[in-house]
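Structures for review follow.
Look at the two complexes coming up: chain A is in both, with chain B in one and chain C in the other.
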Partner chain A sequence: MKKASKVFTVLMFAFLFAPIAILLLFSFNEARSLSVFSGFSLKWYRELFRDTETLKTVRNTLVLAVCAAGISTVMGTAAAVGIHRMRNKYLRSALDMVTNIPMIDPDIITGISMMLMFVFVSRLLGLANSLSFATLLIAHITFCLPYVILQVLPKLRQMDASLPEAAMDLGCTPWGAFWKVELPELMPAIVTGMIMAFTLSLDDFVISYFTTGTGFQTLPIRIYNMTKKTVTPDMYALATLIFFVILALLLLSNLTDREDSQRIRAARKARRAAKGRPPMSPRRQRALYTAGGALVLAALTASLIFAVTETDDKPQVLNVYNWGEYISDGSEGTMDVVAEFERWYQRQYGRPVQVNYTTFASNEDMYAKLSSGAVSYDVIIPSDYMIARMISEDMLLPLDLANIPNAQYISEDFQGLYYDPEGVYSVPYAYGIVGIIYNANVVDPADAGTWDLLWNEKYAGQILQFNNSRDAFGTAMYRAGLDVNTTDRAVWDDALDSLMEQRGVVRSYVMDEVYNMMEAGEAAVAPYYAGDYFTMLDAQAPTVDLRFYYPDPTNFYIDAMCIPACCQNKTLAETFINFMLSAGPAIANAEYTYYASPNTLVYEDPDYIDEMGPEAMEILYPGWDDFARQYNAYAYRNLDAETLDYINTLWETLKIN
Partner chain B sequence: MAKKIIELKNITKSFDGQVVLDDICLDIYDNEFLTLLGPSGCGKTTLLRLIGGFETPDAGDILFLGQRINDLPPHKRNVNTVFQRYALFPHLSVFENVAFALRERKAPREEIEARVEEMLSMVALTGFENRSVTRLSGGQQQRVAIARALVGRPRVLLLDEPLAALDLKLRKDMQQELKKIQKATGVTFVFVTHDQEEALSMSDTIVVISEGRIQQIGASTDVYNEPKNAFVADFIGESNIVDGVMLADRSVSFSGHTFDCVDGGFERNEPVDVVVRPEDVDIVPEDKGMLRGVVTSVTFMGVHYEVIVDIGGFKWMIQTTDFVDVDERIGLYIEPDAIHIMKKSEYSGLYGDYASFSNEFDELSDAESEAEE
Partner chain C sequence: MNDRSRRRSLVTGVTSAPYQLWAVLFILVPLAFVAYYAFTDNAFHFTTANIARFFTATSPVTDAGGSPVQVRTYMVIAWRSVKLAVIATAVCLLLGYPLAYIISRAPAKVQKTMMTLIMIPMWMNFLIRTYAWMTILQDTGILNNLLAALHLRRVHIIGTQTAVIIGMVYDYLPYMILPLYSIMAKMDHRLIEAARDLGCAPAGVLRRVILPLSMPGVVNGVTMVLIPSISTFYISQKLGDGMFFLLGDAIEGQYVAGNLHFAAAIAFILMVALLAAMALMRRLTGKYTYGGAAA
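This part shows the complex of A and B:
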């Protein structure tokens, strides 16, 4: 029995800490891959400290956490004291319960309700930007408060009610009694509450997601938005660092535990006594407290001023909203395009501009945020079908091409695209084409070339399929020569039959896991985007030999730069778009993202061609005849809600059976 | 006559519509040990808190050396308090707890050290300066609380049932010590307790309080020997209280017998309450007794026996060193000066019959009343 419980304890700890151990290990991995540990390296830590956008979000997160923790601690302590002193028993217990509600409330409800309130109030006040750092801070204080109260109130109840009376009896004013007697007694609880508030604020995602404004992004939001590509290993490094910081805080909060602190205080006193010094007078102690308090307060104010000047004071602000990891950000020696724009603008116009660069994880997220009316962005980079939808809903402004002369360098192939036939609302940024990736050490190249490879029983159990309905159905429909944008249910039923037939050979339905499974050779065949193929190629295990081809027909997508109707500074936005189209930044972005660029300045540039190598150039730019016609025929379009529902029902049938 | 330090004039106080103190008038003199005695809930602690400044009266005045101090906050009163659960500051050492009042006054360091040492030696805690107060025994904490309250040389020290949490032996020692400290410092002590023995042994003056009203003010012996009404007679010591009729001065009739007594000044045939202390009754052979009855119970108490005797349906308590047996018929003899006559009051008939008496029951109700506080 004893042995069993020991084993169980070990297992429990293994279960709890294995993920962290793995994270820690791979943060020191030389390679990018999660499947291969190719050697110890501090590379990702170096990368992390070069990634200015991420560091900025780390700083944002810390500023926010310090402010939220500080303010909610002061307010929470005051509230706890107020509730405790209330004479009316019923009112007191009612308040007690009310303060607990935000804690029990699901985050999602807190988040949505706070966003609604902020939007409502700012409409009432006639403000353009209803969400900002201030709203985020208010939201964080709101959800931190109950935790502080929860810590302080029980401590107050435990405390002998005659303590403050004794202090007043001995000559203290009521305020003096609070400072000199009650506060020191409450201190452990206050510190614990503050640390709790700090950590809660630090890792909050849901509420921040709803209440953050233009240009202020926290780390959890940034990491979430990275899911367009894989999470880069410098995030492992960051997560490892954060883990140790939290661990340190936890230890600290345990030290403030009364029992311990008393032992420490006693030991300190004994040491002083042994050295023949008198016990520290409360005046000295008070001086120490005051110094500590002043330090914390100074840090708070400094960070507040920092935050405020950062977001509000500069006259020129440009808010850019893009996919995660979809711009060259200065990591691994690349160009920091956003910083470069700020410098260039200053040189060019002699005025500073500040770019608030924030990210989203999906078109639908971006759409929801914009249509809530709570934020305002100047430049967004959505995908084709979303652009069509936004145009039809008057959510985009027509571009003034006179301000975007570099648009002339966009290849002629990109004229007459269905989502924006006149090219009035958008300038293409990058495009992607679905192809098939296979491991040539397993797959006979003779079997490659068409969609049939995904159905080939020779490779049963080694084939991967998209884990999202539209893309998965797409593979079957392209294979059978069906229209991927049809509203005819019979056609979709046929596609389902084909997928049902394929199911026997599919190892699993995946999205991001595709990288690790293909890199490690766990699977041999997968449909994915050309740009992502190169990411896998970089990280493939020695026993794996990845190849790529386009089946015909296949899926295309285009992401394009647009200006939303809520734009505050259209000329500046157009200047930014023009800058993004100029050779330097455009090449940097194409090299960073590995996606194909529609910009002739990029794909005709000798250095770029050289850098990418002949194989990549051939895959990324296969030289389409009549690109626009193919694109218009085979790209996914926005389907009506009933068809989408129907597809999802079919998809569930496939997944459940 | 000593100087009046505190005068309470017609003090009334109620909480949530419930009257806790009703028209209290009390003078407290310099250098006296005054005890507020009463059952729990009688208002004695509220009275103390009014003097300390933690409550304000609804009506009436509190005077300190002739000055009205109704609205003076606690920290401006030259009065200190020893709280029931000591209320020592847990985050400060013994030294700092005692030094607290002096630091508040910004006294010079030398004075603080000298005064604190003096106080600690007075309460026999020299050498405990650097101890954490949470690591002291109950008795030691009690001493720290006293030293802390006295270090600022208050004119009056208020003590709110300070010995209630101590065990019996320690309580007896502390009673002695408190008395000694009071004598040595000359500070006026206002001491709250529900323990009548404690009150009798320590006090110069006892103020008996019941239901928010003062029942009697007097020296220990006065209160014991000449209680003003049935409540006081019963609350302080044991009493047999029977209905009687005053036939004439120095002649009273009760239990079917006419007794000589030492009291007078009543109207002829006035109904009165008669108090006879259990220890003042002598047991004699049945035929020689003034009263006759049957022993219903005998309890050995150590020094004496407690004998319950049924006399015509009324149960008397007698404390005696002579042994008698249950069911024995005995006679009782009472000296004239053992009989105390009181005017009828609202408490008449409520106390003084030992029909339902048992030691066990008594202890139970004691425990209950302590738990209530």
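This part shows the complex of A and C:
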């Protein structure tokens, strides 16, 4: 290699591996942050190996990727050969076009359209619970196929068509010519296609989210759903491990390769000499490919059997559907609430129960999935406005409070709330209040106290704003004393004017990036939830001094436990809800999520109060005199479709300016 | 056509049958669902309002001179998305082409290692990789700390168009390199040597021999990079400070607002436009992709 190209190659690989180096470094970080390194620790590796949920999703992801890549490679290669041979020009170009469609469609559209189709077909056939591993696999094969075909097809076109002809002249059958001449020639492209398919399958989350069935979750879905809070660093540890495993495999295969390739080269030389023309692929190589193929097939069959048999080995299954990172999962010595429930149930009733715990990233995603009717969950934990909507659409079952005696410990403040006035359909799980977080090393505390801080030109370029329409408009409306649930378009127009005015001072519209940016001092002011402030506080850089206050009025939200109409075992679901309300699990969850709990067993518990400390207690439980009235006045409600559409239009206007 | 080649095309022609069936069931039928949603309203009555809205909706914006003007909302968004995607694709091609060539000329073992190294970053989760780029590019990030340590001027990248393009190039570069490499690895290097022997200048060798030979790889690489980068939204949200509102954001936003029909309409229009663009690209480069390598 020439010097220039060497330098170029090194630079390119540096570019490709820079983020990997960052992940490697931060997987050893003491704090839960990807922007501030606070000290060396191995704890995230310990967490990773302890976290059975994550390991399960890793296994699911691998099984899925191997199956999808294997099947799409075989089918795609066959398809490419067929398309190449096709004599009907129009059919050929039509297939060419169709092949591109899965690549063009935005993931969310592919995901939803496939979900709609699966649901539609299963209703025709009268199948229940139609979304499953099979539908997920079909979706993955579908988006992998084009990449395989697009790899193999050009190679076929590039290939000398007279080679198979020559083979047949020499007495080969058409199949023989394909196996012996064309396939070895195509092999690099096929392998590349397979690697691409594997990679795509490994990394997809949107399509998977919509096509997967109850309880089957892959790693990317799990990671994506964590972004309501922050992605935990054990994911960086996982990425680092994957990197080293692949690197090791690579080195290993290179070492074993050396002898082989010498032998192959020798054989090649001998043949070339004997026949006076370029050699065919050596038999040994073919044997290797065959062995490899057999291995893939074996893995496929094994994993399919595995996937099929795994679903019905336990008599009782409880499917729980919750926000990501929203339950105490046993990390850092906390209680693993799900596992604890399984143990407790076995002790109490002498029967085993298996909890399938899966997560969602937004109320809307959860709603889309449940309203498709193709999944079955027993317990869900949505937010208030979504509960109101689901009640109005008959999607929730009334709870039998006789089975949930612990509901009595929910504070009286939580009675008579608008979304479920009689308290029939839901039991509150956690609640949050929007406040403003600021860096006291930059912001003069005299400027803090109201919503005006988010508009303060002194801090232009250091202010963050929500990157979703409802919350962003909310800040402007609370500031101006407007009703956040109005259907009066003129009011929304006023709020837009206010956001337009703010745009000049906004550094960034953010969701979960707020953590990194506030911790590192990248920005100085941000509206976010009280509980999350403490997560940031734990990881702030030495140069940053984060503070928090509630502007008045502000947004309240409540997430509550409900039982959807598709529930299979209502008594079991109620038992689970009751368990979640008992002191041990409820305290563990409140400590883990840092959100305020409506449960008196939690916030009156001396150990909990002690653990949280006076500052956190004061912020999380500010002692509102009439919580229900404030909540009912300022919480978001479900808006009608026209109003939502109008807000979205205004949001787009803000964003394209 | 003689009997033997007819038999041959019969035997091998059926190999695409499973895919044809699959394509109809799982590509065209879901596509029909998208079209059905695009052309109906919330009550599932036929309407072209969603399609019309994409082309006619306007928003008030402030132009460079500070005076208010009305612009076509989705035309602005679409133009912005196309611009970023085209730049990202061009950068991928400029970086990926020489790298693929260098790799294809390396010894066999080195080739394999390098190609695996190019794929490895893709096996780390996409979200986490994008997060890592935020850590690098932030004003208080690794890059700026490095520059400060070297007594160089700090740069503001995060939130700019450059940051979004870096993110796209990083994520899609392997999809450019792979097809290029798999074509170049099989290129007949004797042709290049022959051209050199016959007195062709390096630029001429590139333009008249290497480029035409690798054209199928270029077409595929461009397709595989351009398409996903047009509909992405995650990269622009994280690395663009939420200031770059692209088609992917528009679709996502409509979905969250419960407006699935309009979201489907945007996706449908995007798809038709991209298919047309690709048909055009195939036609322009058709002599390379269909008529054999060096016609």
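Criterion: the second predicted complex is superposed on the first by the 432 of 657 C-alpha atoms of A that agree within 3 Å, B and C clash if a C-alpha of one lies under 4 Å from a C-alpha of the other, contacts with A are read in each partner's own complex, and residues count from 1 in each chain.
Quick note on the criterion: contacts are C-beta pairs under 8 Å (C-beta built on N, C-alpha and C of every residue); 3 or more make two chains touch, one makes a residue touch a chain.
Everything numeric in this text was worked out from a predicted model, so none of it was measured.
Tell me which partner A:Ala134 touches in the superposition: chain B (first), chain C (second), both or neither.
In the superposition, A:Ala134 touches no partner, neither chain B nor chain C.
A:Gly82 in the overlay: touching chain B, chain C, both, or neither? Say first, second, both or neither.
The answer is second: A:Gly82 touches chain C but not chain B.
Once the shared chain is lined up, is A:Gly176 touching chain B (first), chain C (second), both, or neither of them?
first
Could you tell me if A:Ile609 is touching chain B, chain C, both of them or neither one (first, second, both, neither)?
neither
Does chain B (first) or chain C (second) touch A:Met168, or do both, or does neither?
Both partners, chain B and chain C.
Check the residue A:Asn100 against both partner chains and state whether it touches chain B (first), chain C (second), both, or neither.
second
Which partner reaches more residues of chain A, chain B or chain C?
Looking at chain B versus chain C, the one contacting more residues of chain A is C.
Per the contact definition in the header, classify A:Ser469: touching chain B only (first), chain C only (second), both, or neither.
A:Ser469 contacts chain C only, not chain B.
Residue overlap on chain A between the chain B contact set and the chain C contact set?
On chain A, the overlap between the chain B and chain C contacts is residues 168, 174, 185.
Quick one: which bits of chain A touch chain C in the complex? Just the residue numbers, please.
By the definition above, chain A touches chain C via 1, 5, 8-9, 12-13, 15-20, 22-23, 26, 34-35, 75-76, 78-83, 85-87, 93, 95-110, 112-114, 116-117, 120, 138-139, 141-142, 145, 147, 149-151, 154-155, 157-158, 164, 168, 174-175, 177-178, 185, 188-189, 192, 195-196, 199, 202-203, 205, 219-220, 223-224, 227, 231, 235-236, 239, 242-243, 246-247, 250, 253-254, 257-258, 261, 362, 364, 467-469, 507-511, 513, 516-517, 520-522, 541, 641, 644-645, 647-649, 651-653, 655-657.
How about chain A: which of its residues touch chain B in the complex?
Listed in rising order, the residues are 160, 162-163, 165-174, 176, 181, 184-185, 187, 262, 265-266, 269-270, 273, 279, 281-283.
Which stretch or stretches of chain B touch chain A in the complex?
These residues of chain B touch chain A: 52-54, 73-75, 79-81, 83-85, 87-93, 95-96, 100-101, 103-105, 129-130, 132, 134, 148-149, 152.
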